[in-house]
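Shared between the two complexes below is chain A, which pairs with chain B and chain C, respectively.
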Partner chain A sequence: MSETYAPLGGKLWTKPFSILFTLAVVGIALMGYRFLFGIGAVTNLNDGYPWGLWIVYDILVATGLACGGYAMAILVYAFNRGQYHPLIRPALLASVFGYTLAAFAIVIDTGRYWNLINIFLPGTSNIGSSWMVEVAISISSYIVVLWIELSPVMLEKWNKTKLRRAVHRSMFVVVAFGLLFPTLHQSSLGGLMIVAGNKLSPLWQTDWLPALFLLSAISMGFAVVVFEAIFSATVLKRPYEQKMLSKLAWTIPYLLGAFLVLRWVTLLANNGLSDLAFNAKGIMFVIENLLFIYPLIVLLSKANREKLTQLFYASISILLAGAVYRFDAFLVGFDPGGGFVYFPAVAEILITVGIISIELVAYLFFVKRFPVLPVLKDA
Partner chain B sequence: MGTQLKTDETLNLPYSEELAAQGVTRRSFLKFCTAITAAMGLPAGMVAKVAETVANPKRPPVIWLHFQECTGCTESLLRATHPTVESLVLDVISLDYSETLSAAAGHQVEEALHASVEANAGKFILVVEGSIPTAENGIFCKIGGRTAMEIMADIGPKAAAVVAIGSCASWGGVQSSAPNPTGAQGIHEVFSDKPVINLPGCPASPYNLLSTVLYYLTLGKLPQLDKKNRPMFAYGKLIHENCERRPHFDAGRFAQQFGDAGHREGWCLYKLGCKGPETYANCPSILFGDVGSGAWPVGTGHPCFGCSEEGVGFTKAIHEQAEVYTVRPPSLYPETEPTQGKGLGIGAAAVVGAAAGVAIGASAATAKKTKEADQSSSTES
Partner chain C sequence: MQVDRREFFKILSAGAVTMSSISTVQARTATALPPDAEGVLYDATLCIGCKSCEVACKRNNSMPMDHDSYEKDLGVDGVWDAPKDLNAKTLNKIQVYRNGKANTRNQEVDGFSFVRRACMHCADPDCASACPTTAFTKDEKTGIVAWDKDRCCGCRYCQIACPYNIPKFEYDKAIPLVHKCEMCSHVQAEGGIPGCAEFCPTGATIHGKFTDILEEAKRRIALQEGAEYPYPVSSLKGVFRRTSDKDGSFIQDEPQDNSFIQRRPVAKYIDYIYGQSESGGAQYLMLSAVPFEKLGLPKPGFSSAAARSENISHTLYKGMIAPIALLGGLVFAAHRSSKSLESEGEVDHE
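Up next is the complex of A and B:
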């Protein structure tokens, strides 16, 4: 850790910050309404679709997007590529908020949220036989790990040198857990849909869903680091970390390739294409695959990897691909029968928008007030 | 229900021994009697009377004539899956003359026929299988030098009752299909001395014959007949009314072609030309071959072709759509599963659209900056 980090400083209440803050307030108000009048008052969830936008976006997609910390930890710690270390703190920050708010979203989405405590109590926990419990415990533990991993940022700011050293000495254990937990729950999240059986279209249903979700989560993790570095540099008017991002991007085509090979081998083995037709499922299937294939082709070329614009578009494509894949596997390809239909209600969407806004507001606050972003010597 | 079933002691003892020798237990004997009583549409209390009739050693003589036919009806009666019950039935009646079952042949069997007719005049049951050719004085079917028309005119008036078994005997069957070169006609069209009970079907269900005979023997009268002289207990309802696939018809779930998804799911075969809606028979209830559920044409996935119905079987094309006497299927059906939950609303669409717009705008603005950076870095190098 030779590089240095510094708070960005500057004005906090910019125009985008104010807009995001307003959306966050609207979201929080609607969450209050949900806790007073129940889930039915704000959502279109029904007996056929008990999982809707909140589970799919706030938990599946958001933790996928929050895999930046996980992906960078794999690269830096597991593969010992220390040169990427400067990217770790901003990635971790995004992960911390992504995961913390995902956990909060579970509380909002659970009808009898006061019973959630039973997941953790030894007498009532169904650990060992339920993937959902495994996901819940793993995500909760990872949030603790993430906050410890991020703690040096705050301890630096508050000049708690002694505590910082203690954290630093035990960090290798924390980092090991930080690699373990996302591997567990990102795969288990996919496993949740195996139990849906024939309710999930064969275009998506396979016993390999856990592996596919894990691979796409790591891909999203790298993509979000690239996207966030470019986007935040533009918004915060900082120089681009172009060289490092170009080097980082070489891993992505291999991950996407591995994902697509596994995806299509399992798809063809299950004769999943039998369900392909010109309908919402079919269209989303094609879009999803194009979004995965486009960045694979673009990023295979070294010349493209050195262009910020290509990196930016490719990273957006991967993030959308991962998001669309999760929406497809949980909502589009899912037909519970019984004539049930579902599309999120306005209030439901606004709560999700509110959660995203809280995340962005907190991110902006942290990078401006805490030493998160690396000090860059040249433009 | 008040009638007590008779025990073995009150049943005729020699007969019971005979049954036991053939491996028929008392239980399977009574089961058979119960089933046949139900098929006749008689109340359960009649089982004892039917059992008594079956056990009665005074068996009425039956003369079985074959004209223009394929012997399928005889085969279906003999090929029952319970050989003991089938032999029991042959013991219920005294089959004095049957070309298929006779050991004798030629003049010998012809003599036996005449001897039986003379001896039992006015007492025997005449079962006729096959149509009677009438063209060119009926020369197309001759037995012992006499045409079918002559045989029927000779033996028919001497019978106690005449039963026409199978579609051929009932209304002409396959031979009467256009152009009908032999001028084939059903028994009742040629012979009018006595009422003829028609048991159409190709083949006719053997149980319908057994039930008719036993009904006559038990109650001493003929069962209630419809306008076409068919027993009401067997031909009183359309196949369509008792079909196990009827709910699919009502819900509008039709197999559109053989082997399609609907056909594999067991949906209604109406659109494949099933004649169930215009054919009267008890096939869906009584089935064939005593092998359990599904053992009848529609049950195996083939549309009914109306074999028992005059003007339908052997007349209409197999895939021609049937006349529906009951409720015609509408061209549009209400959803079987009403939509539950709320789909995409205008407000939600607007919010999603706005969010997508902001995301695209922000991306485009960022891309503009990165393009500038790309250009400056390429000019540097």
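Up next is the complex of A and C:
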């Protein structure tokens, strides 16, 4: 049962591809405008809401969605479940682009990006105190790891057998780092908001933010693998890997359960519900919780796990839950006081759309030209 | 394979034990202020809202005049100075509290009061804890919290962290700077005092060593309402005046001549010193007759968020022990899995 992978082949310039390409170009043009005229020229960010759509979507949600590679690696390598190995490569590819573009988004979002190096230099780095240092070191290291993990795909295509063997032999070390870094930075991303103190509503503020962000990131990772497998099978007209996916889905209720227990225990311990009212915060809080509870209930049943439609909707719900949780903990629940308001500007949204489009264009290009998707023999 | 899995959990739990043992390592607490820490006291009961401090602040820091968008939209800018809040051009701001008829000073109902907003120079500054590039530092001698443009990467984490929304960022610039009050450290270095204190005509804003400032504040809230009190102007140490704008040096009027004292009846102080314990304490203290939350001042709690945040971070990352233990377990697990993948022929052989 040896696995082989092959490029998908086929025409590159399909209609969706051209649309995505156009959106990417628009986004890049607006990024150019931002570098010439400042962050305020394209965003509604302000002194009260210094972080907006870019940080929350391009970095928090996008790396959460890019946790597919991480989640699969946990199963295959940490828990020795080799049968899921065929799902790793496509998941990895999505992770590579998700993370690489998140790093790119950081450069766009930081005002004095040429000083980013100071985060890493021993003389200036605020390591040990600032969660952002941990986030930055761990995300940049993970990007290197991801590209090494993906390198066999390119080396296969370019017939660099010797090099490929060398990479292959030391791969277990790389894989270990590939498990370590997301564990660190997905939790540190949550840790970022602890210092916001009571500017973040007690509905979200807790010392356990790191653990909650980690658990929700792993859940998003599994959900994205399920979603991506079903979606690409439909779009690319390939057979469904239904058996493998249903087996994979057993992990999800446990993760969601663990998340919800920790979430509610910390919430009640902090008397967080005191801030629950009929307002934007309250509504988003309820939506967020429903999105977590629905897939938990659905996927508890084995019968449901075997139905592709149930799997599909449950995975979408988890992805939305993780995304809404991130938006809530960084934006909706954040109130600096002083009458500040924030809603993303059109150009700001278009830049995020541009980044997503770049990611999708790169993904499509790769699966069509490089051996990423497993060849299915019993198709 | 089942045995392997158990072993893996053993390793993970070893990591967890290391982590929990680290959490008993001494908790991080805010360091005490240096004995020579500089302080500023703002007594809202004396403030007449003349905004001399704003003018002085702009002059001392060479900041441009500013307006809010309404005037700007009408094409008025750089003619007079009237922003509504602190911003990237304004480090110091007088705001007003008004209630009902607003005809009595220092009164909550049907009264009014001014409030002066500027950096609090926290004892345990959240901005410095959050900043990834150590662009914010707290001076070891003066306790002044300053920002360094050569370090800052413009991530604006300081703005998320500061409980008083003090650091301001130039969103309208391709090469933006962060601005906040640095207690006129450049003027103090030449022997002067903060501009807001130097030019305050009523003694509402005064400068002094933090310990003296705190003592003065405590003395005032203990005063009887209506009693007469000799309020010092500008500084507890005497009046500082520039000899001339040209040579920029300072002379100090000796305290003996009493020219810097104004005798005034005492208002009804709220029995509280704002800033003394907020967010772990601050070097800028405030007194008022109107409740502080009415003046728009936040309630950040008494311990700094920085201390909480760093305690958790230190617990997880101290000496990198926990991450390294976790990595060890992961290398082992990954090695075992790749071997079993290969022996089962699940990975193609070269």
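Here is the rule we go by: the second predicted complex is superposed on the first by the 377 of 379 C-alpha atoms of A that agree within 3 Å, B and C clash if a C-alpha of one lies under 4 Å from a C-alpha of the other, contacts with A are read in each partner's own complex, and residues count from 1 in each chain.
Heads up, the rule we're going with is that a residue touches a chain if its C-beta (ideal position, glycine included) is under 8 Å from a C-beta of that chain, and two chains touch if they have at least 3 such contacts.
Predicted model only: the values in this text are computed from it and were never measured.
Between chain B and chain C, C contacts the larger number of chain A residues. Looking at the shared chain after the overlay, A:128 reaches chain C, while chain B stays out of its contact range. By the touch criterion stated above, A:342 is placed in contact with chain B alone, chain C being left untouched. Judged by the touch definition given at the top, the superposed model places A:48 against both chain B and chain C.
With both structures placed on the common chain, the touch criterion links A:312 to chain B but leaves chain C unconnected. Of the two partner chains placed by superposition, only chain B is touched by A:240; chain C is not.
In the superposition on chain A, A:9 makes contact with neither chain B nor chain C. With the contact threshold set out at the top, residues 46-48, 337-338, 340 of chain A are in contact with chain B in one structure and with chain C in the other.
Within the complex formed with chain A, the chain B residues making contact are 335, 337-345, 347-348, 351-352, 355, 362-363, 365-367, 369-371, 373-374, 377. For chain A in complex with chain C, the touching residues are 1-4, 35-41, 43, 45-48, 50-51, 76-80, 82-83, 85, 109-113, 115-116, 118-119, 124-126, 128-134, 136, 161, 164-165, 168, 171-173, 175-177, 179-180, 183-184, 187-188, 191-199, 207, 210, 334, 336-338, 340.
Chain contact summary for the complex, chain A toward chain B: residues 44, 46-49, 230-231, 234-235, 240, 242, 307-309, 311-313, 316, 337-346, 348-350, 353. Remark: chain C residues 1, 4-5, 8, 85-88, 126, 128-135, 149-157, 159-161, 163, 165, 167-176, 279, 296, 298-301, 304-306, 308-310, 312-314, 316-318, 323, 326-327, 330-331, 333-338, 340-341, 344-350 touch chain A in the complex.
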